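Down below are the structures I want you to see.
Two complexes, one shared chain (chain A), two partners (chain B, chain C).
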Partner chain A sequence: MSTVTAAQPGCEALFRYVLRLGDTSLVLGQRLAEWVGHSPALEEDLGLANLSLDLVGQARLLLTYAGEIEGQGRDEDALAFLRDAPAFVNLTLAEQPNGDFGRSVVRQFLLDAWQLEVYEGLLKSNDTRLAGIAAKAIKETRYHFRFSSGWLVRLGDGTEESHRRVQDALHDLWRFTTEMFVADEVDDALTAAGVAPDLAVLQPRWSARVDEVLKQATLVRPAPVAYQWHGKHGVHTEHLGHMLAEMQHLQRTYPGAQW
Partner chain B sequence: MVAAAVPAVEDRERQIWNVLESVPDPEIPVLSVVDLGIVRHVRWVADSDGQSRLHVGITPTYSGCPATEVIRQSVATALNDEGYAGAVIDEVLSPPWTSDWLTDAGRRKLESFGIAPPQRVVANPRHLFRAHVVMCPRCGSGATERVSEFGSTPCKAHYRCTSCLEPFDYFKCL
Partner chain C sequence: MSNDWPLYEVFIRSRSGLEHKHVGSLHAADTAMALEHARDVYTRRQEGVSIWVVRSTDIVASDPAEADALFEPARDKVYRHPTFYAIPEEVKNL
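Right, the complex of A and B next:
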């Protein structure tokens, strides 16, 4: 097998990389689960729950793999439920609160477009395990992107009120998108090793994909903002801790509880 | 010699496939796990301890499908009941499952159960999201419309027939 394994040098970087992908999926999936029972219509309730389920499923595959790379005996559950906020390395955008439906759609749209590019790039990864997870996930993510971009167009090109709300959300959330494409030593090492796609290559592709939908949605793309968020280094906005408190409550209170 | 007492490999595998054909999908019980196309292999493998064990490879339909865990248990239980104790269930992730793997028998069962079967389009991703006609499984009309791409389970979309006015599920393409 040509799989990069924990036995090979660079496994710390691979662990961080896979953990970041897994955490972003998990945190976004948990945010979407908060919508269940609160969506504007039953169909959207089911839709968001479906997206959540896919994302948590992808997180399970990624966190299981991360735990194996780390080799300390931590499985998906230990990584999901027994780490505090500073140990989470998700993109800061994923943890932003739901707000109204329009704001959740904007957050989802920006991250779906990012995941599409990342998974597309990982299909060619020389880490066969990661390539396999990406091949599975990208099929689901195409549906997610259809959902979020479809709603973005309906809301952006909808009423004055719906347009105002999604445009405001876009302005507010845009500052978190820079982080998606700022490469650090983990990204550089794995890109050089042929494991991860080059973020510098993904950025213009993501940008073009986003612009196409924004145009249809009659939304204005906000001006670029200097990079200032560090979720993937464990520095988070205040929102993640609150979210984890709820998500982890059961395992923290009754360690090892199963059903 | 005693060779007559040992069935050929093909026969042994055939017996396992027969057992698996009796294991229903928990969400769509008219379909067996074989109809769904999620059984990827049936084989005897010499494990690291030198023992030859039955391995059955199962692939999930969707990453987060809650039925996956139940299916693993149902398969293990069915094999155990038929005298194949200690079978190993392998999780197979790649190549990823596609709705094209649904068998023809599975498609017919879906339709008679009231679920429109998926179109065979996944082999070419450019066709995946092209508008295509979904036939109403109740009256056969092509006058249908999509209510939501996400339905009661990850694998289904929600449709309605504008001819007979019945709502129905469509097993969507993946």
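Right, the complex of A and C next:
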């Protein structure tokens, strides 16, 4: 696998890896877009939309690259709008419904912390295309983390009700974090080739980053949960299909429609 | 909810500008949040390289009712404008 560093058409492991990153950004970006017009304040509405657009921008770069690696002529739009749920390989956490604002903040926080580690690791990737995408994305992600951790502290260390809501959300969503760091043959191959950071190295860093904020937010870290969610292998919770139905409706109904 | 948050005035310094200019206002729970909101609301199109925020209630404003007393006296003192000097040919870009 030492020659995996250049985008060779048909390189299955690299395709899967880039697709997972792209899908996680896309699905999370779409979830955030659902907040537009519904946020607790105008300022947060714009803030969440900014996060969403950053993530969709990352997804475009990643899915375009994935399509090139695959070499089947699929571009970013074909990958985003013309695949069904089982073909999506995002982290399961990203597709979880928004719930209340606190729940969305918890989901965002856990994924921001994960993306920070992944992108930081990818800065040193042998794959210069991925390193370039990471260099752009990490600036955005640093702001995302600042946004979500700031809100987590406000809500966690806020009123009795806000504390209860984010603590409940944390307990509920924590089970999906195990998946972030369980390496499979795709991760192993790309780590060995110097393309992807080693998840075993990222895990304790992510954990420390999360703990630091949870402490400030006076939140209790939930107990570890066994690995049982497999979004990155295409096995999803029931929520993704509904989300995609809305996201893909236009392209499915009017194929090739542009504006 | 936003009604519970105090109002902040936002000043942005643009890439080419030397001074911060008032661009608008927003609601936020505290100064840190006000800065983030200002970034999200007022710098989406690369408008700025620096942000100031200040609580609206901390701004002391002149009374519009006193405008005549404050500003009228300057109206007939055109000699305060530096328009009566002959500018030498050699001086450019003045």
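Simple rule for what comes next: the second predicted complex is superposed on the first by the 249 of 259 C-alpha atoms of A that agree within 3 Å, B and C clash if a C-alpha of one lies under 4 Å from a C-alpha of the other, contacts with A are read in each partner's own complex, and residues count from 1 in each chain.
Here is the rule we go by: a contact is a pair of C-beta atoms (placed from the backbone, for glycine too) under 8 Å apart; a residue touches a chain by one contact, two chains touch by 3 or more.
Just so it is clear, the model here is predicted, and its values are computed rather than measured.
When both complexes are overlaid on chain A, the residue A:43 reaches chain B and chain C alike. When the shared chain is aligned, chain B comes close enough to touch A:55, but chain C does not.
Applying the stated contact rule after C-alpha superposition, one finds that A:80 touches neither chain B nor chain C. Of the two partners chain B and chain C, it is B that touches the larger number of chain A residues.
Within the superposed three-chain model, A:210 lies out of touch with both chain B and chain C [touch as defined at top].
Legend: residue contacts after superposition of the two complexes on their common chain; A:147 is shown touching both chain B and chain C.
By the touch criterion defined above, A:169 lies against neither chain B nor chain C after alignment on the C-alpha atoms of chain A.
In the superposition on chain A, the residues of chain A touched by chain B in one structure and by chain C in the other are 43, 46-47, 50, 146-147. On the side of chain A, the complex with chain C involves touching residues 40-43, 46-47, 50, 146-147, 150, 154.
Residue ranges on chain A touching chain B, taken from their complex, read 29, 43-44, 46-47, 49-58, 60-61, 128, 131-133, 135-137, 139-140, 142-143, 146-147.
Residues 60, 62-66, 93-98, 128-129, 147-152, 154, 158, 174 of chain B are the ones touching chain A in the complex. Across the interface of their complex, chain A is touched by residues 1-2, 5, 26-29, 32-33, 36-37, 40-41, 44 of chain C.
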